[in-house]
Structures are given as structure tokens and as C-alpha cells.
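Shared between the two complexes below is subunit A, which has subunit B as its partner in the first and subunit C in the second.
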Partner chain A sequence: MATFSPFDIQARPNRIFAQMLSCVLFAVCIGLYIQTSVKRHHENSEDRVVPNARQLMSGIHSSVLEPAEESDYIAPDNASKWELFRHSMIWTDTVASGRRFLISLVLLVPAVLLALHIGLFPYFGAGFLRFVLFFDKIVALSLLPILFIVFGIDEWSKIALIVIGVAPTMILDVTQMVKAVPREQIVKAFTLDANDFDVAYRVIFRQVLPQVINSLRLNLKPMMLFLFAGEMIASSDGLAYRIAIMRRHMGMDVILPYVLWVAFLLFFIDLALRVLNRRMHPWFQS
Partner chain B sequence: MVSVVNSQQEVIAVTPEVVRSTSIRIDGVSVSYPVGKKRHKTILEDINLEIAQGEFVVLLGETGCGKSTLLRMILGQERPTVGTISVGGGVVERVDARSGYVPQKYSLFPDRTVLDNLTMGPETSKYHILGRLKPGFRAFRRQVREEAMQQLKHMGLQASDADKYPHQLSGGMQQRVAIAQALMMKSSVLLMDEAFSALDPGTRKSLQRLLRNVWSETQPTVVFVTHNTAEALYLGTRLIVLARTSHSDDCGSRVALDMKLPGTGMSLARDGKEFLDLVDHVEQFSRGTQDETISPQGETI
Partner chain C sequence: MRRFFLAVLFFVLVTAGLSLSQEAYAEVPTFTVGWSVYAGWNPYFYMQKSGILKKWADKYGIVIKVQRFDYAASLDSFVAKNIDACTMTNMEALDMPAAAGVDSTALIVGDYSNGNDAVLVRNGLTFDRLSSQRIMLVQKTVSEYLLERAMVINGQQAQLPKLRLINTSDSDIVPAFMNNASNTTVVTWKPLVSQILADKSVHSIFDSSKIPGEILDLLVVRSEVLNRPDGSGVKFAKAITGAWYETIQNLTGSGATQMQALKISASASGDSVDSYREQLKTTYLFAKPKDAADFATGPLLKQKMELVRQFCFKHGLLGKDIKSVDDVAIAYPDGSVQGRKDRVRLRFNPTYMQAAQQGKL
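Our next item is the complex of A and B:
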């Protein structure tokens, strides 16, 4: 402790102290929130902007165990918790958003394969690379009105927004990875009598796959961003739709759990991808 | 220049030449590429070589003399600006399985275990990407795996190394596997580009010994690129030195010296003074401009 200085690069903080330090900002945030909440409730006991624990609990309860206002579902008297949860607001919203998210994730697979070909096959590179480079610079959200006109305002316009927003960046990223594979590897594969598709899929694709997954992990957030933008502008269900609706009557008791739930979901997907990556590719050292 | 070569050949006992078929033929090859407007940089100039089946050719030269370029052209990775190169009777136009290849780095597939690296060649050459679904594949794979294990032991690796990934092996071990991988294809030509240059002296020595043994067993045609004169003299049966005669851009490297070596593996320990003289002699050529005022320096061995 004697040598404690925050600006010492060569410092060796002990583990417990470092762990404690990493919790400090969380504690500060929660503390500030509680303080503000208490203060505001002191002035107005029905304050909805910074809900207190009781309000939050009832917000969580209503989102986890009660159907949404617009839902036609009426719970039978003897409905189990699970039954209630399955028709609850948060579950139906998560399913609606998750479906859009997963479909766009699947649609990114052809984009990755296209990138593999652009990076590896000279004619593909000549044909596609410049176009993708330009297309990447188009602000995807500015296309949203066009997408609404082309795909209508339901599902496909939102999915198209996510794919158009993320795919060009992914393609450029993966193309770079493919090009970064040492030339020796390709030459060696050809001397081992591989054909073009062996080289593309059994040598290069296998090698860049862990990097592709890492790139996808970085792109999870842009994907979510585009999804939320689409849902907030035109949608009748979904996580972002709920948050936008709740804003109208200051439903912070529902918004805050939703925000944390989305953060948790993203964190979980990211963690799952990271673990999967490490399990699948023990040879990969980032 | 010719007289010097001849006199040198008399010093070393020339191996009795058996008439053998040509394995690699390099016909009037020049390489140049444009730099800026209307200017060309010439790398290689009018190279004519005929390499017989079973020769161990060492390409020697200073950095940037184009020896690696020549190797890449034999491989098919690059094309000559003028002239043709043929391997095994056919003109080389693209990289194919006619030649085995061992580069200095990135020689193994990092995503495959040692065993998978070895079996990759035979497997892909017989069953391409979708052919792997055919019924005969599994039996064939088992057979190739056995063969690979034998090859692995032959290369001085343990059976326990088979399941390791390349990054878990030392540099020397990796190159042993890379040689084994190339040998699994049983191609008659083996091309090695500075294959041992990144290794420490001890490992290097043992790999040189290994390579000589492998060569004497199956007698493939080997083209070995190096900048180390001692290595060249130890390994080769034929030494080709590439050097440029002047440093202007339009002057490429030519064959400065083409001589037979005894093929018994010359080294300082065995040949002493004769070896040192030969090193001096060869390095005079590889420096290109044969400037006698520079005192000859023997390379550290």
C-alpha cells in the first residue's frame, strides 16, 4: 500500500484490492441512483422518473408475470408461474426481437462466404470489392424509408436494415482476414493437390473462422442498434417497441429492467460465442 | 570464369555422372517488373538451367538476388517475364502437386494437428471436398494415418506429438513435420525456401543431417534456397550461385557459378582447409562484382 499510485505503470496491485477496485464504479452508480431516488421521493412520493425499489419490483413483476396491455391473453385462474411467464410482456417481446435478430444472423452467413470468395478469388475481388467498399459508406439508417417502401413496415424491413447495416462491414473485415492468411498456406495446399474449393473451405475458411466469430462478437452491438432503431420507428412488438411505448407514460419502472435485460442478453450471447470459439478452436491464439 | 570453375572441379572429386532424365528445365528465363514510368527493375536475367532427376541443387546468393523468385517460379507461384520453366516434362503454369514445398515460415496448417497435417496431402489428392462423403474414405484415411505415423517416427518425432498443434512444437520440430508433410505426397521434386534459416545452429545441423538422409533414401530432385554457404556445401550435390554483375536497375542476376559438389556432405570438421578455401571461392562469386581488394571472409560455421 505504501507505493500506491494510480499512475504507476509498473505497479503490482494485490488481487483482492484489484477486485475491490473493479467494483467501485458499480457501487458508486447504484449509490447515486438510490440517493437521487430517495431525494425525489421525498419531494413527491409518486415520482416515476427515478423509481424506488418497490416501484421497480412491481415493474419487474408486471413485465415478467403479466401479459402486455395489447395482448388478448387472459390467464386462467389456476395458471402456473411458467404459463404466466410464457405470455408475459418481457417474454413475448424477447421472442419477437430475438426472431428478427436470429434471422439476420443467419442471413449474415452468405455475407461471410461472399467475403471469403472476395478475399481469395481474384475475379470475385475485382467484381465485388469496390462496390462493397462504396456500399459500406451508405448510412444504413438513411435507407430505412426506402426499406419500408420496398419491404413494407413489418418484419422484413427491420431484418433488411440489420443485414444491410452490418453485412458490408463484416464483408470488408472478413476479406481482410482472408487476405492476411500467409500466401505460403495457399501455395502449400496446392502442392498437396488441393483444388480451389479445398483451399477455400478446408484451408482458409477453417483458419479464419475463429476470427470471423470474434468479428461477429464485435458486431453484435451494431446489430442490436439497427434492430432497436427499426423497432422504435415502426413495430407492434419487440423490446425496443416496449421501451418506446413506456417512455410515453414515463414507465421507468419497466424501462430500466428492460435496459438491463437487453444488456444481459447481449453479454450472454457474447460470452457464449467466446466459450464456443475457445472450445471449437483450441489451436487459436488471439 | 569458366577456367576457374573447371580448376575448382578438379580440386573436388567429381561424382561419376549417371545419365539421368531432366527433372527441371529453365529456359531463357528473365524476370523484371515496372517501377515508376518507363523504368524496369530486372531481377533475373537469362537463366538457363537443366536439373537432372535426383540432383540436390542448392541455390545460393545474397539477399535480394532473386533466388527465392526463381524457386517460386519453379513452384508456379510466379511467372517469368520471358522464357519457360518446365517440371517433369510439362510447362509450369500454376502451383500444383508436381513439387513439394517447404517454406521458411507458415509451413504447417495451424488449425490441424500434426497427424492431420501429414494426412492432408494424400486425403485431398484422392478425395476432394465432397469426395470425403464417399464410402471408401474412412478405410483410406485409416491407411494414410498409419503411413503418416511411420513417416513421423522416421522424422524423429514421438508418437505423442501426433495430436499436438503446430504452435505447441518448437521451430525445428515444425520444420521436421513440414518436410514429412511434403514427403507424404511422394512427389519427385522438393522445393525448399530458406527452410532452416530461422532455426538455431544445433537444430539446424540435425535437420540438415535429416534432410541428407531423406534425400539419399528416395533420391528426389531437391532445390534448396539458402544464403548460408556452409549449409550449401554440406547439403548439395550441385551448387548454383546467383549474383548480379552491377547494381544498376536493368542488370539482373545471372548464374555466376554452377559447380558439382562431391555429394558426401562437406563440412569444416571433415574437410578443413579445403572447405574454407571453397567457401572463400564461392563467396567471391556470390558477392557478384569479383572485387579482389575485399579480403575474403569465411562465414561462421
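Our next item is the complex of A and C:
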């Protein structure tokens, strides 16, 4: 049993002990929550600000197995759990938000390719770099009224908000990565009879791709933030829409499961990207 | 050296402790009132600025602070018990604090919306064609209530489930609606209504003057605060009621005092005096305590609240756990209760309005 020595760089904590240590803060958070909840329910047995386990369970039950209020779906008597889930609040909201999220992810691909060109081709750099640098500093949320004019209040204004919010940062990030590739490699590739696009796509792009994926992983949360902002401002479905509606009457019993669900989704996407990165680029050491 | 530090630390702690306990000793009861921007509530800003509030608080030996919030945030704070009293509509009084188990008392019935909330349409659209349109509004608020009442009154009740509502934040609803001519219908409140009506192709087809007394603006206090054993809650109720009616007297009076009251109240929401006057025209102020007390004790209030509570229950605003509309009961001045007697959560208490009427504050 190793001794507990937190300020020893060379320490080798026992594996079980390390595992336990990593759970401590989770336990503290849950403990604090329960304590607050118990205290508040002691004062007011119907408290909704910090719902207790029973309220949370009923909140989860209704979000997972009951259709949203505005949904036309009426469950047949013998509907299976799966059937109920497919028409439930959380599923329809996740599909609506997920669609917006995926479309904006796809729209980031051209942004990355543009960044590759900006970093590598001097004319692209001259044309775009300064503008992107400037545009990156614009607070995208403040453009919303303009987005409404251009894209209407439907899907596209929300997607545009995400892309406008995240793309400039990604472009600048990827441009830096491209510029960091040693010049000698480019020269070497040219001496081996590569043309410009070979260098761009087969030498540079392949090399920076793992870093690009990592950058995307860091940008998942800003993307979700912009999506939430857009959905809270004008929508009729989606995860943030539901949270906004539930806030009107302190439906924390539904909001908390939603928040955890979004956290889980983000974690899952992040994990998927990480695994994909490792599979695709086993040579990459960050 | 270390001992010296310990000694200093000890000294500091002891003096801090002493000064804290002294403060606790001399503490006067302090109350915080939350308000948000709305024609009927802006006078709270004037009440504070003009010193009327301080005058009344001093009279009862207490301290009253008023704090401006966003509407939703003020309700959150009230439910979380961070503030003692808060301005809200009768609908939110029912579905926020009362439904969350916070026993609340309506102290002052300030006004009702008499045209402040409106259903606006483009190009002469009529109610029978609304179900095919997208309707922008802040869902689950008085806007949705107004829309439903409008549909029912115009005989379109059957169309209600078919309405396509787009939940739109009030901070962006004006540009979002105006910038695109394909948006045909919007439900909102003043001053946003006036901004949208600046577009000549838009006009109002229904407003809250057709449902008088249903969208009430109240000052609500937590019942536990009002019933504090040391009597400070009662003092608070008297002081704030007294201050309110003096404020309204100034606001509806004449001459320089009224101008001053209008100016400061208008500045509370960054409106011009003219725009604020226009908003007041569609706000039915219970200017005299007698009017308010009569309304609170009259039979009309019960009818209106019945409509509101049924709406709240139907839309799940009372919470997932509330299985019957009677589980969030309302108590009236005459002792009658809407709902289960053991689950009274919202009380209308005209005592202080009546005291103001009799000049006993």
C-alpha cells in the first residue's frame, strides 16, 4: 500500500485507490445535492427547485415514455415500451436537435478545407485570413436579428448561428496547424514530383487531420451552446426548446434529466471522435 | 514569528465575530421586493426614487429594498425564497410559487391588462384561418392564454389542438416577426405590440380589453413572511401598500407631481413619457384602494381565476405531479376555496387594501 503523498510527482498510487479518488468529487456533488434537496423538502414538501429522487423518477418517466404536449400522437393501449419511447418527448426533441447539430457538423467540412487553403496557398491567405481574423471576434449571438432576416425563423437560422459561431475559430485553428507543418516536407514533396494538390491533400491534410478532429472535439461544446441559444430564441421543438418551456413553471424534474442527457450525448460524440481518431491515425501522438 | 501570526489571526477573528454579532443585534427587519418592467409595475421604480417607499418603511421601522429583475428571473428568485415579495400576474402566481408549494398571498391587486396583450395578424387574417398559420409567441405565458381565450370566444375551440405555435423569446420576437412577411401571426404584449403595429400591414384582431380582469397584475408576498411571529411581515404589508397607493395617487394626479411620476416610471423601462402614457391607457389601474378591494372581494375574481386555473392545469403548468386542478387551491377573502381546502397555496388578502381605503395605514 503506497502512502498518500499528493505532492510527490513520482508517486504511484494504488490502482483501486486512484479509482476511488476519481469518484470523490462526484460523490461530493451528489451528496450536496441530496442534502439541499432534503433540506428544501423539509421546509416545503412540494419544492420544485431541487427535486428529490421520486420527483426525478417521475420526470424521467414522463420524458422518456410520454409524448410531448403538442404532439398529435396518441398511444394505442397495447403500445410497447419501444413504441412509446419513439414518440416520447426526449426522443422527438433529440431528433430535432440532433438534425441541426449534424447538419452544422457537415457544414464545417468546407470550413476546414478552406482553412487548409488559407494556410497553404498564399493567395487564399491574402484573401481570407484577415477577414476571418476579424470575423472571429464578432459575437455571433448579436447577429441574430440579421440571421432572422436572411434565413427566416426556421431551421436555417439556427444552423447558421452555429456555423457562424464556430467556423471562424476552427478556420484559424486549422490554419495554424497547417502553417506548423515543416516547410522542408513541402519542398521534399515537390522534388518527388508532387503537384500542388498532392501536397495540399496528400501530405499536409493527412498530417493535420488528427489535430483537426481534436480541435472539433474541443468545439463541440460551443456548438451545443449556439444550438441552445438558437432553440431558446425561436423554435417549436428541440432539447433547449423543452428546457425553455419547462423553466416557465420550474419543471426542474424534467430539466435535470435533459441536462444530464445532453451531457451524455456530448460525451458520447467526443468519445466516438476520439476512438475514430485513434483508429484512423495510430501514428498520431498529441 | 508563527505565534505572532496566530495571535493576529485570533484577534481579527474575534473582532470580526463581535462586530457581526453586534450587527445582528441592531438589525432592522429588511424586506426585498422584486419587480420587472411592465406598465403596471414601473411605478415601483418611481416609488423608490421619489423617497415614498423610504418614508413608509421608516414609519413602520423596517427597511424595504426594491430590485429590478427580468420577469422570469424574478419568479425564480421568489420561488427560491431569495426575495420576500414579487410582482407577477395571477397566472404565474398560480403556476410558479403556488404550484411549487410556496404558500403565497396576493397583497395588492394593482391593475389588469386592458389591451396591453394582443393577437396581431398580417393582411386581414381571421380566426377561422389561424390553424394553418405559424403563430409566434412566448409559450406557456399569458400570451398563450390570451390566444386560447380569443379562439374560444370566436368559436374556434375545435381548432385549438391544430395551432402551430413557435416559442419565441420576447427579446427577439419583434425583429423575428417583422423581418419576414411570411410570418403572419404573433401574440405579445406592450410595448412590443406598439412596435409591431408600426407596420401598417399588421393589425390587432383580439386584445385583452375583451377579457377584462383575467390578466391581473399582483404584488405577491410569501405567506410565511406575512405571518412572521414578530409582526414584521404585517408591518411590511402595511408599509408597501401605503407606499403603493401614494405612488399611484401621484401617478394619476395632476400637475408637476404627476409629470415627475410619469417621467420616472417611463424611464424605468427606457420608454418615452408618451409611449408610457399610451401603455397606461390599455392598463386598467385600480387607482383607488376601494376599487382594488372591491374587485378582490367580489364574485368576478373567482370566475376569472377559474378560467386561469383550468388553463394552467390543462397545459401542465401546475407540474407533472399535480393530478387534479384542485390540488393547487385558491382561498378568497370571503373564506371560500377553489379546490381542496387542505391544499390552499394562493390567497387573496384584501386586508391591507381595505386598510388603505379606510386611511388606517
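Assume the second predicted complex is superposed on the first by the 274 of 286 C-alpha atoms of A that agree within 3 Å, B and C clash if a C-alpha of one lies under 4 Å from a C-alpha of the other, contacts with A are read in each partner's own complex, and residues count from 1 in each chain.
Keep this in mind: a contact is a pair of C-beta atoms (placed from the backbone, for glycine too) under 8 Å apart; a residue touches a chain by one contact, two chains touch by 3 or more.
Predicted model, so just to flag it, every value in this text is computed and none were measured.
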Combined model on subunit A where subunit B meets subunit C, clash or fit: fit
Greater subunit A contact set [subunit C / subunit B]: C
Subunit B versus subunit C as contact partner of A:T175, first or second or both or neither: neither
Vertex subunit A; arms to subunit B and subunit C (CA centroids, nearest 10 degrees): 150
Partner chain in contact with A:N219 - subunit B first, subunit C second, else both or neither: neither
Partner chain in contact with A:L192 - subunit B first, subunit C second, else both or neither: first
First (subunit B), second (subunit C), both or neither touched by A:I245: second
First (subunit B), second (subunit C), both or neither touched by A:V254: second
First, second, both or neither for A:M232, with subunit B first and subunit C second: second
Touched partner set for A:T92, first subunit B, second subunit C, both or neither: neither
Superposition-derived minimum Cα distance between subunit C and subunit B (Å): 45
Subunit B residues within the subunit A interface of the complex: 75-77, 94-97, 99-101, 103, 105-107, 109-112, 120-121, 124-125, 128-129, 165-167, 181-182, 185, 187
Touching residues (chain side subunit A, partner subunit C) in the complex: 44-49, 55, 58-59, 62, 69-70, 72, 144-145, 148-149, 152-153, 232-236, 241, 244-245, 247-251, 253-254
Subunit A-facing residues of subunit C, complex: 72, 76, 79-80, 95-96, 99-102, 136, 139-141, 161, 164-169, 171-173, 175-176, 179-180, 182-183, 315-321
Residue ranges of subunit A touching subunit B (in the complex, touch as defined): 182-185, 187-195, 197-198, 201-203, 206-207, 281-285
